[in-house]
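The chains carry the letters A, B, C and D, assigned in the order they are written, with residues numbered from 1 in each.
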Amino acid sequence: MKEVKSRYEIFRQKAHIIIYGTNTVAGRLFDLILLGLILLSVLLVMLETVEGFDIKFHKQLVLLEWIITVFFSIEYILRIICIDKPKRYIFSFYGIIDLLAILPMYLSYFFAGSNLLMIIRALRLLRLFKILNHPHFSGQSLQLKNSLIASRGKIVAFIYFILISCILIGSLMYVVEGKEAGFTSIPISIYWCIVTLTTVGFGDITPTTPLGQFIASIVMIMGYGIIAVPTGIVTAEIAKSEFKRGLQTKRHHCMNCGKDDHSENSKFCYHCGNELDEHS
Amino acid sequence: MKEVKSRYEIFRQKAHIIIYGTNTVAGRLFDLILLGLILLSVLLVMLETVEGFDIKFHKQLVLLEWIITVFFSIEYILRIICIDKPKRYIFSFYGIIDLLAILPMYLSYFFAGSNLLMIIRALRLLRLFKILNHPHFSGQSLQLKNSLIASRGKIVAFIYFILISCILIGSLMYVVEGKEAGFTSIPISIYWCIVTLTTVGFGDITPTTPLGQFIASIVMIMGYGIIAVPTGIVTAEIAKSEFKRGLQTKRHHCMNCGKDDHSENSKFCYHCGNELDEHS
Amino acid sequence: MKEVKSRYEIFRQKAHIIIYGTNTVAGRLFDLILLGLILLSVLLVMLETVEGFDIKFHKQLVLLEWIITVFFSIEYILRIICIDKPKRYIFSFYGIIDLLAILPMYLSYFFAGSNLLMIIRALRLLRLFKILNHPHFSGQSLQLKNSLIASRGKIVAFIYFILISCILIGSLMYVVEGKEAGFTSIPISIYWCIVTLTTVGFGDITPTTPLGQFIASIVMIMGYGIIAVPTGIVTAEIAKSEFKRGLQTKRHHCMNCGKDDHSENSKFCYHCGNELDEHS
Amino acid sequence: MKEVKSRYEIFRQKAHIIIYGTNTVAGRLFDLILLGLILLSVLLVMLETVEGFDIKFHKQLVLLEWIITVFFSIEYILRIICIDKPKRYIFSFYGIIDLLAILPMYLSYFFAGSNLLMIIRALRLLRLFKILNHPHFSGQSLQLKNSLIASRGKIVAFIYFILISCILIGSLMYVVEGKEAGFTSIPISIYWCIVTLTTVGFGDITPTTPLGQFIASIVMIMGYGIIAVPTGIVTAEIAKSEFKRGLQTKRHHCMNCGKDDHSENSKFCYHCGNELDEHS
């Protein structure tokens, strides 16, 4: 009995290394195959909606989807089995995505059309970032993430301000242009204003009166100019974090108190006053 | 009589805390309810213009609008009563907006359609910034505002230059393309030029002659390139203010060697190891 | 005779102060009236091309244009008379523009339609920058101009690279999409590619085949991404010049050799080694 | 026999100077003529696809193309002959392009239509960068190239993230809008999402339901906001390299007090007034 358990233990450990590890050849290969299957699976869901394609290859598509779903199901169960704290995985971001990626196919057995939900599998593609677990890459991602988090407040305030402007300008355009030009209601006019301000410019609704075109011109120049604001915010934030990183490059390590974020030309620890060693 | 006055005084003080305060639970709750009502009110005005919706729920819409208007009216009166210098409020930005937010509904009693002006209530949504009176947030807003003010001159000069270019290019396109292609007059051609230069590109008017398309290509590349100018101006301004803020966070001055560019949390001079005084 | 000459001299001096000066009330007033007339004149040319408007007010438009042209002619002659080196003015940028602004109206006497050339008057609007001769404003303009000149080389290289890409992608799209989809020739396909890459997106020509849409997607993401390049170049340039200006703010002046671009914490002149005075 | 060889050697050397050199008048002239011929050749291929033009001037076009092709062939052979390590040239980027530029014309003798491949000649226009072999220009190009390479990782991660978002949003729009509005399949919906997110906005497919327009608005604001990310990355990178370049311009080191952050043209230490050594 004990031997069986230990065999199971060995299997768990091996599976853990293959599924969660990225340093061994087997682990890396597993990750690549998984990523390939996710990609294939996303492609299949897309192709299923292309009419000409679906009619010709419907059976093959469904078969492939079932094969991939079964593979993903086994992978999901193994992930739970071979980890020490399964709850932590199950309720993590990737754990929930992994579950949501297999459920729709089984649901499609009961509800037709629910297999479209399988597109959620696209979120599994984010695993690539986990696979690319290179310290250099992670550092850059983290830096970018921190910059975006730091500038979050300003960006939200900016968007809030933009939306209030769009409500006011949209209403104005509704009054100026009227229903004939396509500005059939204030919500539609606000939609037009967003389309214009963000410089997308679909052209499905366009002003036709001179006054409307004049207001539209102002909106466009506004949109062209104020894109500088989010760009400026994010750039300044990235530049700042880049600058900080630059200062930390030659990290002196204090032998006395352990602080290591001394600036490049420091001779003494800023924290305890201990003299810093050149090569530490 | 005196007691009545004092009771009135107490009421005024309580109202002041609820309406103007943001630190008590009641004050914060009032702000949230107010913001919710403003949002609801803006939504109502929008929905009123959606034909299908207005026909079905016209009575309910009007009723709700009257209820909100009465609430806003009471709030407006209370704001005047419970403040010590009512004139300062009445003629402030928010005071005028608050008045303009209630007038249209009463005017609609006399002039049909004037209730559309109620969309001005969207401006009351700016109150959110007042409610979010957090020092961290205010500091960031102020910094952003100052950066924009500092770059105002350059941005205006840039837009002025853009407009002169649009006049010249628009006239050129009017001559090149002519009335058949939709370039019916110079103002319309200038409108097209703004649409193109700002990379909005509605597509309602497009050049059809080879020469016109060649000029359009130049305009587009110009527009694509010179967006760098406002962006660069604002970014540099934000980066500068960010940089200054970084410098202003308590400069420690070393009493021994005079170095003063220590980082914020330094206790010892990085140059000579001397202990830094807290208040120097 | 001598008195007449001196009277003429006095007139010339007065005219010079009014026309070229910006510090006296008369000079400033003259500039404002001139700018107003230029604006009016540009508006007139525009309105002349608006059909409904021209039919109604043709006579008034022509009359006003003649009045303004005569005024501009007198101004031009006065500018030549009351300056000491008239040739320098005549062959300067503004001098040529001023001449080109009056010629078309006289030419329209012989050639119908040549009065459209009067739109060149829009270039006279650039005079505003001369009128706003404030040192603060000039400094900012100069800084912006220098930044753009400094980044000129990189921007031209970038646009050259973009154009080569557009030729290749345009040809590819011509082969992929063919004449039915609107890609009737390689030049048209290149035009489409510029429209797409610069994120203008008129929508007059759009890909219809899956492969074409795939290539278009790549072009769009490219265009969305590489706008970062000119922006980055200009921003870095502006930030650099901003940074330099920051260093020069507290300009120490060397009493010995006259150099004044010492950095803020300099104690000795970097050029001659002379000790710098604190308050110089 | 020996004399013949030496004559051939002299010819090779002369050809080498003319073809590869950029410092002599002949070399520079050759480069300019070559660039002109490349441009002309690219123009010819373009014009051949313009129907009206091709019918009129078909014979002349073909003749000119053959002349240029023969010239390019001779140039290609000479380039191989007069270089010491011909293999290195043949398999270099420019060598392959040069070969690809002449092959299509000869192939068109056997396969009709293959002369369209001649558009590859546009890549030969990149030679301009080689001709502009000015150290100042090269330095700037290199700096730009390095900045782009340094920010490559972040940009790729950003685009990967964008694509996953487009898959999810595209699928959502396919469900919301359906086939009537033009969202005929998920790939088409993803194409629409890329068109919208990159702010291109062709307008060939546009949402028509309120929910679809709401989602579209979010996509547009997203696209308008997140363009800040690649811009920020590249700008910070360029600014950093610019900053480093600034630091590297000859650091003078004061022999007396050790300060080494003197500006480029300093002759004396700004801190102690000691004369700076030229080569320190």
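Basically, contacts are C-beta pairs under 8 Å (C-beta built on N, C-alpha and C of every residue); 3 or more make two chains touch, one makes a residue touch a chain.
In this text, all values refer to a predicted model and were calculated from it rather than measured experimentally.
Colleague: Is it true that over half of the residue numbers where chain C touches chain D are used by both copies, so same, or is it different?
Modeller: Looking at both copies, the contact residues mostly diverge.
Colleague: Going by C-alpha centroids, which chain is farthest from chain A? Tell me that one.
Modeller: Taking each chain's C-alpha mean as its centre, the farthest from chain A is C.
Colleague: Could you state the distance in Å from the CA-based centre of chain A to that of chain B?
Modeller: Comparing mean C-alpha positions, chain B is 29 Å from chain A.
Colleague: Using CA atom averages as chain centres, what separation in Å is found between chain A and chain C?
Modeller: Spacing between the chain centres: roughly 42 Å.
Colleague: Return the residues of chain B touching two or more other chains; collapse runs of consecutive numbers into ranges.
Modeller: Only 158, 187, 190, 199-203, 223, 227, 231, 233, 235, 237, 239 qualify.
Colleague: Write out the stretch or stretches of chain B touching chain D in their complex.
Modeller: Listed in rising order, the residues are 199-203, 231, 235.
Colleague: Can you name the residues of chain A that touch chain D in the complex?
Modeller: 42, 45-47, 49-51, 116, 119-120, 122-123, 125-126, 128-129, 136-137, 140-141, 144, 147-148, 155, 158-159, 162, 187-188, 190-191, 194-195, 197-204, 223, 227, 230-231, 233-235, 237-239, 242-243, 246
Colleague: Taking the touch rule as given, give the residues of chain B at its contact with chain C in the complex, in rising order.
Modeller: These residues of chain B touch chain C: 153-154, 157-158, 160, 164, 167-168, 171, 174-175, 184-187, 190, 196, 199-203, 206, 210, 213-214, 216-217, 220-221, 223-225, 227-229, 231-233, 235-237, 239-240.
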